[in-house]
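Chain nomenclature is as follows: A, B, C, D, E and F, assigned in order of appearance, with residue numbering initiated at 1 for each chain independently.
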Amino acid sequence: MSSTDRQSLKPLVYLTRIEKFCSAHRLNSRALDVQTNSQTYGKCNAVHGHNYTAEITLKGTVDAITGMVLDIAVLNEIIAQTVMKSLDHKNIDEDVPYFRDNDIVSTAENISVYIWKVIAERLPPNVTLDSIKLHETDKNVFVFRGEYA
Amino acid sequence: MSSTDRQSLKPLVYLTRIEKFCSAHRLNSRALDVQTNSQTYGKCNAVHGHNYTAEITLKGTVDAITGMVLDIAVLNEIIAQTVMKSLDHKNIDEDVPYFRDNDIVSTAENISVYIWKVIAERLPPNVTLDSIKLHETDKNVFVFRGEYA
Amino acid sequence: MSSTDRQSLKPLVYLTRIEKFCSAHRLNSRALDVQTNSQTYGKCNAVHGHNYTAEITLKGTVDAITGMVLDIAVLNEIIAQTVMKSLDHKNIDEDVPYFRDNDIVSTAENISVYIWKVIAERLPPNVTLDSIKLHETDKNVFVFRGEYA
Amino acid sequence: MSSTDRQSLKPLVYLTRIEKFCSAHRLNSRALDVQTNSQTYGKCNAVHGHNYTAEITLKGTVDAITGMVLDIAVLNEIIAQTVMKSLDHKNIDEDVPYFRDNDIVSTAENISVYIWKVIAERLPPNVTLDSIKLHETDKNVFVFRGEYA
Amino acid sequence: MSSTDRQSLKPLVYLTRIEKFCSAHRLNSRALDVQTNSQTYGKCNAVHGHNYTAEITLKGTVDAITGMVLDIAVLNEIIAQTVMKSLDHKNIDEDVPYFRDNDIVSTAENISVYIWKVIAERLPPNVTLDSIKLHETDKNVFVFRGEYA
Amino acid sequence: MSSTDRQSLKPLVYLTRIEKFCSAHRLNSRALDVQTNSQTYGKCNAVHGHNYTAEITLKGTVDAITGMVLDIAVLNEIIAQTVMKSLDHKNIDEDVPYFRDNDIVSTAENISVYIWKVIAERLPPNVTLDSIKLHETDKNVFVFRGEYA
């Protein structure tokens, strides 16, 4: 890219907002019997809970006048209306229709995919969802980038 | 204290072990009606959960030969057999007899007092329990020092 | 204290709420000349800013029915109306009357005392202010406990 | 790649140095009127400040003898002479010519691009700048990878 | 990819496990003389130590029934038998054959490559090693993604 | 204390500076035989290392003009000349005369006492050393307040 081209382009920046939510859940699949559930999920087969930390990353070009990819208040409102409203201070398995009605086990992998879906469908057109990073504990972290294989 | 006296004494050191446990709970008192519970506890009246961080602090003199207040493996085993065994990956309100059978609301205040009680009764004689510090979230922290008023 | 006495008493618990605010300031005393200000405060004599972290700690007895020292929503509202309203996203030296009108240098020591004063006068009667802990950076931390000497 | 090829190549490692700086700024565009600035930037339109955390990531191959991508003291000196010297304990809008003289709003997006530019032009030839990650607060994080669109 | 295709595919998720180990080491190359070692490595030429934090990231598709990429207990056991067993509470230069017997300097770059190698050869077939991120201190972080150049 | 008295007094503030140092050590007492050392100290009997975090807390009154307890640059210089110079990037058992020459085991308890001693004897007269808090790992923390028993 020539220096001239670069000046007519805008920098592409990744913007991350980090929010925490406090939820109860258990890992238990209706497709498995009691013993297999216990073997598969160990202590996570019992009802317990977490302070989840979600890192929601968008990418977009920096507006030449405002200097912003997106007004972060817009992203906050989207996260509040989707992630926080449905997951914070809830029992994920019983209170969130996506998990309860579809027999989806509330693993961190599946919660990451859920967050991707509810955020992606509400984003304004000039930004793209890049990744969802979910810390279930300080030691277990999960990332979904919208990829399927 | 004279310099001579000080040399015959041993340094008093406070030793803290930090452990995390993942539990579900809700704040709900059987002494209150549904509406009052909802008003008193807000969103915490619903079943949810936390990664709790407990800081358990002992005090004792430093052994002149080993240089230790207490072998930390001893403290770890006490915490494992009490705090971790009863609270980690549990629903506090349903799985812990202290809360379930005595109608004690599982506030962080009461969990701190519970941890004090189960640790204090198992400590070896040469150390004293100093405090229990419980982080319910990154923003809400509680300390119990065994004081009553 | 006998076991009987203890049962009629209530546990005393320290409750800490942690909030962050983002402010600009400079260290500069009108009682000192330009050169002395520069020597006294070094690089902090220039206008700069911080993400301050304030730990506000109350103490009180645990209510036998609710299990709480204080509804944390009450404390949050007090912090919002005092600390956050006056300091967050402000230039402390120009926007906060306590510092501006009294020629008080906005050191972390003085900000800690300021936070103590605005919180203490609004607390409900059943709790006591224990300490203000202010992190100016990750390496510089200040505590005020309402003591004078 | 065959095992033989791999042995003749060197591992490519990403090296990150993390530094913090304390600055004042406000979000205000000279291209917008007072009311639009207030609507666009909200509370950030007032002078305030942050402890910024910058993660500067280089990539390069590991030297077979020293085992290093780059002597980290070299990177530290580059960061000190560029990022720290121009931004730490400064009012970005008034003290940094890049922002002041070009009417560039000091958003975290634009600060990330600025850090990229000042670091990239001083790197030794055997390493490449990979990304600038800037934490404005614990909840708002920005990454620039030198991409334009 | 059509919506139909996507439904027949499974989400690809990156799973990270974070572990810490406490090791002694020094940076010193047998290929360099005493003076050059001192100049190259500075204070790191002396025996010292770190609490290293390793982030081990795998990628794989989410199992439709269990909702997991991999039972994290399996990954934990692999990390325990490789990383923790060989590095934790060890002097890397003297106790780890990879470094001691091959004259490999125990830089964070080389430790990252070592961790990649010992983890990669023991992973189950349905997951892939994505990256090793090694924090030597809070300010110095290294990533190896299995790339050679 | 009357309001009049309070105005003639100055606020007492606790000032903490947090520094990190990277050291090697092992726990081994010359007063114990090989087997007892192994039993007493477990894995810590082998040479390993840590990123230690030291929190050094002073107390003093806030100067009415400068607004400071102590110029933090003075405290930094004291820490640099004592704690950092003797412990950072060192093997504590071999490089620090206090431990090496007096057969003092380099437990975190004893390192806390050592830091207290080297800091206390160099403080200016208007401040008092309050405590040394030493984090050996994220889970093991030690405090010495100058008390003996």
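The definition used in the following text is that contacts are C-beta pairs under 8 Å (C-beta built on N, C-alpha and C of every residue); 3 or more make two chains touch, one makes a residue touch a chain.
Values in this document were obtained by computation on a predicted structure and should not be read as measured data.
Peer 1: For subunit B and subunit C, which third chains touch each of them?
Peer 2: Looking at subunit C and subunit B together, the chains touching each of them are F.
Peer 1: For subunit A superposed on subunit C via Cα atoms, how large is the rotation, as a multiple of 5°?
Peer 2: 180
Peer 1: Taking the mean of the C-alpha atoms as each chain's centre, how many Å separate subunit A from subunit F?
Peer 2: Going by mean C-alpha positions, subunit A sits 42 Å from subunit F.
Peer 1: When the C-alpha atoms of subunit B and subunit E are each averaged to a single point, how far apart are the two points in Å?
Peer 2: Centre separation, subunit B to subunit E: 34 Å.
Peer 1: For subunit B versus subunit F, what separation do you get between their C-alpha means, in angstrom?
Peer 2: Roughly 26 Å separates the two chain centres.
Peer 1: For subunit C, what residues touch not just one other chain but two or more?
Peer 2: Touching at least two other chains: 138.
Peer 1: Write out all the pairs of touching chains, ordered by chain label.
Peer 2: After working through each pair, the chains in contact turn out to be A-B, A-D, A-E, B-C, B-F, C-D, C-F, D-E, E-F.
Peer 1: Where on subunit C is subunit F touching in the complex?
Peer 2: It is residues 27, 29, 31-32, 40, 42, 104-107, 109-110, 112-113, 138-145, 147-149 of subunit C that touch subunit F.
Peer 1: For a test of understanding, state which residues of subunit D touch subunit E in their complex under the given definition.
Peer 2: 1, 6, 9-19, 55, 57, 61-62, 65-69, 71-73
Peer 1: Could you please specify the touching residues of subunit A with respect to subunit B in the complex?
Peer 2: Touch residues, subunit A against subunit B: 20, 22-25, 43-44, 46-51, 88-91, 94-95, 137-138.
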